[in-house]
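Chain IDs A, B and C follow the sequence of writing; residue 1 opens each chain.
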């Protein structure tokens, strides 16, 4: 009895070793689409090692985004989802199909927040616009990396003409996307993967530009020496980490003091409590920086309930925040991470399958909503968590399909 | 002791001082609460200004309600994991109702929500007691059904705004100084306390303590437990009204609250497995948990480390409570009952033999 | 839906029927029949809609989706059988992938140290769980919830995203397959066999069943129940460690959210109970758990094929879990009456 725990532990490690042995013995049976090539396709960034990857700050990319944010995109006016910044076109002749009808497949990370729901609705409406798309298969990974890997494998072995991927996590989906690239053309959007095998990677300018826009606004509008409260959703989400690291940099170079950095889990009740406590703890808060808009209105209300004027605050393009901004005449800014980017992959897919050239990296403009442009994005009949930058007003089914009236 | 259907609490604390008699198994949590409130006073001198303290109680209110409801279920030997989902569903459904009926009176909407919460509790109770499904599974399944169902209904996120009059209960003050949420809390707390003192409360406690003994003495255990689930569901829906009022419409409201509520109840000296503990202890546990969150905020503990501190304190507090309980039990004249080890209240059949059966 | 097929709802008229019924009342048999039923149903429904269900990519996908949840659910079976519970598995799985990927740092030479490090970490956490439950007498629900919070804080404080780099040859554990069968399925089956052996052929196993069935009686008959619960917790955590190694192989990196986003804590408990193991302990086993995991994976695949709304999927899952357990409870009661 006494020796049993050790024995079991041994057995368990033995099982692992056996499995490893089994692996070694069967590798020759592995199908060609099985293991990723050990020498070849490893992307250059992979070598960076844990520390650098976890830091989420790359100076070059940061500078590039700040520059891109100021540039004027190419493409049709008023249709930002078809515009592109600094495009470097690539030839897609090898993917051209003769058929009239195409079958697009989409591996979605999930629809676990309103941003993704607005996005998916927009994408489905874009698909409905194109008669040549005979079939549009969507697999939803429900936020699970493991399931998304299976979904990608499953789709790449079906009769899809092209695979669109919205990855749940950057690093962890890289092997699966590399594997899929060998089967069919792949388009990645929103979040990237650590490989350049996809035909194109569609994304707005990026997290650094977002975080910097909000932070620069506070630097301009808050008196020097003012105390900033930074509200973040949760640690470890790459896009959000980028936003914060850019803001941190901007605040370091300013006269402002970051009083607190707190995580809200995207829950307004938590956000309201945190803001209330921060006001008490520091006597006053002179500016609020947020990495996303979900809890911005709760933060505004926390100041109101404490009987204080609302300081300069950053939010996002969600209707409830835009509405509160207009009603209360706040000093505010709303950098967007536009949901109109969900239209672009479909457009890009059809171009690729027609053999037309697309940018190897399709960088979309990333509008920042200011006091002047706010009312353009405020739609009174849309639900509170709808995103103003959906670019969906011209699509069939608007506004009912997005929950509007 | 296990065989008696008389009030186990009274039997247990007959010895001891007036204070321990009044507090019973809630003594450790009261000590913890005093400690936390003292720490809050030291951290922040202005914490006990009436406005701020009342605002703090308002913040604690939803968890207090959930703890009161959860207490009834836990003391009857069960779990209710669906309360967090009831809160989410309640907030989203309220927004959806206002989207369809913009002029609805807040009282009507509140009553509809509470009735719907009670209905969820009724289903939980009937499935658990009638079909013999462990409550952990019933309410886990209910959680999936509610979360999925409400977003399936609303197309993924809430579609309407919550108007100010509906939000008053969670956000505004009565007479200009007393938060409505505090009043709701006191009313619900008093109501549940009165219930536990009533004959229904005694049968509930007896059911959780020993189902068989309760049945032998003529208690309709299934009905008693179902009522506990109904009350828990209704309390959760009321908590949803407060949460929605406090912080407005959201798709995230209430996530994780089921675990907070259960932690609060256990922190309050209520035994998982049923039969022991007081509702005052459970609500004190909820209060202590909110005080802990606030203390961590005010002391500026790194946002990321907060869960770790929380975990350590919860384990330590419950461990101390368990040590205290077993010590007191050893001193009591009656032979000690075997501590229920099962994490969940068992269904109607309890296997008398161990050993593989399949 | 899943549970309806093995339901002993028809009134028995003859003795063989009664025996048949009792066989069906055994959840481990029932759940595998249900798995078969769901597969056939899926095949039929998809076929009616002009699709093909049992294609090679689909079979591979179903099997692959069993592995991570299966390994964790096997561990969960151990603790549930002894009357305990482990809610820390999700965070432990995340931490395991991170430790594995960081220790490996992209080099094949670090494979063995990484495996050892992950298993050691998990054994340590399992030991901590077990000690808090047995020595400090904290209810398993709260104890493991507290440990989960501690792990969460640790992860959030130390990692800001995917980290580490899993060596290419270790990634083959996540991607290789023999015919339609992913090699990781053999890992799952291996662990299941080992645990089956422990449960059915060793004294430890008998003690686990006895402890879970009636701890008081077990202690009176000389079983060292505390140690049994402790060992169960360590075994559970080791299974989570193996699952973490598999996930790391699949991701190529460590992921701080891998475990929680997949809700392995509640899903594993649901799979165990779906497999017919009694939540209060004392009855059930690994065969049923594997069946439960299979049913969930097949259902997922059917939902995928039919493009069921992701929110509606949760509703169906909730209904299936409750219905299945209700059928078992009914089976147990009627079996109890006929005895």
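Basically, a contact is a pair of C-beta atoms (placed from the backbone, for glycine too) under 8 Å apart; a residue touches a chain by one contact, two chains touch by 3 or more.
To keep track of the chains, here are their UniProt names: A = Ribose transport system substrate-binding protein; B = Autoinducer 2 import system permease protein LsrC; C = Ribose transport system permease protein.
These figures come from a predicted structure and were not determined experimentally.
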Open item on the list: Using only alpha carbons, which chain's centroid is the nearest to the whole structure's centroid?
Closed with: C
- [ ] Select, from A-B and B-C, the pair of chains that is joined by more C-beta pairs in contact.
- [x] B-C
Open item on the list: Rounded to a whole Å, what is the gap between the Cα centroids of subunit A and subunit C?
Closed with: 31
- [ ] Averaged over CA atoms, how far is the centre of subunit A from the centre of subunit B? Could you give it in whole Å?
- [x] 37
TODO: Measure off the straight-line distance from the CA centroid of subunit B to the CA centroid of subunit C, and report it in whole Å.
DONE: 29
Open item on the list: Give the residues of subunit A touching no fewer than two other chains, as numbers and ranges.
Closed with: 111, 235, 263
Open item on the list: By the touch rule stated above, which residues of subunit B touch at least two different other chains?
Closed with: 156, 303-304
Task: Touching two or more other chains - residue numbers and ranges from subunit C - done: 156, 311, 313
- [ ] Would you mind writing out the residues of subunit B in touch with subunit C in their complex?
- [x] 127, 131-134, 136-138, 140-145, 147-149, 151-152, 156, 259, 262-263, 266, 271-273, 302-312, 314-315, 318-319, 322-323, 326, 338-339, 341-344, 346-358
- [ ] Using the touch rule from the top, collect the residues of subunit C that touch subunit A in their complex.
- [x] 56-58, 60-61, 64-65, 68, 101-102, 105-106, 111, 115-116, 119, 123, 155-156, 159-165, 168-169, 171-179, 183-184, 186-187, 190-191, 194, 198, 202-204, 224, 227, 230-231, 234-235, 238-239, 241-242, 245, 247, 250-253, 255-258, 261-262, 300, 304, 307, 310-311, 313
- [ ] Show which residues of subunit C lie in contact with subunit B when the two form their complex.
- [x] 26-29, 83-85, 132, 136-143, 145-150, 152-154, 156-157, 199-200, 205-206, 209-218, 266, 269-270, 273, 276, 278-285, 287-288, 309, 311-319, 321-322, 325-326, 329-330, 332-333, 336
Open item on the list: For the complex, give me every residue of subunit A touching subunit C.
Closed with: 1, 4-5, 8-9, 11-13, 15-20, 22-23, 26-27, 29-31, 34-36, 38, 42, 46-47, 49-50, 53-56, 110-111, 137-140, 142-147, 149-151, 153-154, 157-158, 168-175, 179, 234-238, 241, 263
- [ ] Please name which positions on subunit B make contact with subunit A in the complex.
- [x] 44, 46-47, 52, 55, 59, 62, 95, 99, 154-161, 171, 243, 246-253, 255-256, 293-294, 297-298, 300, 303-304
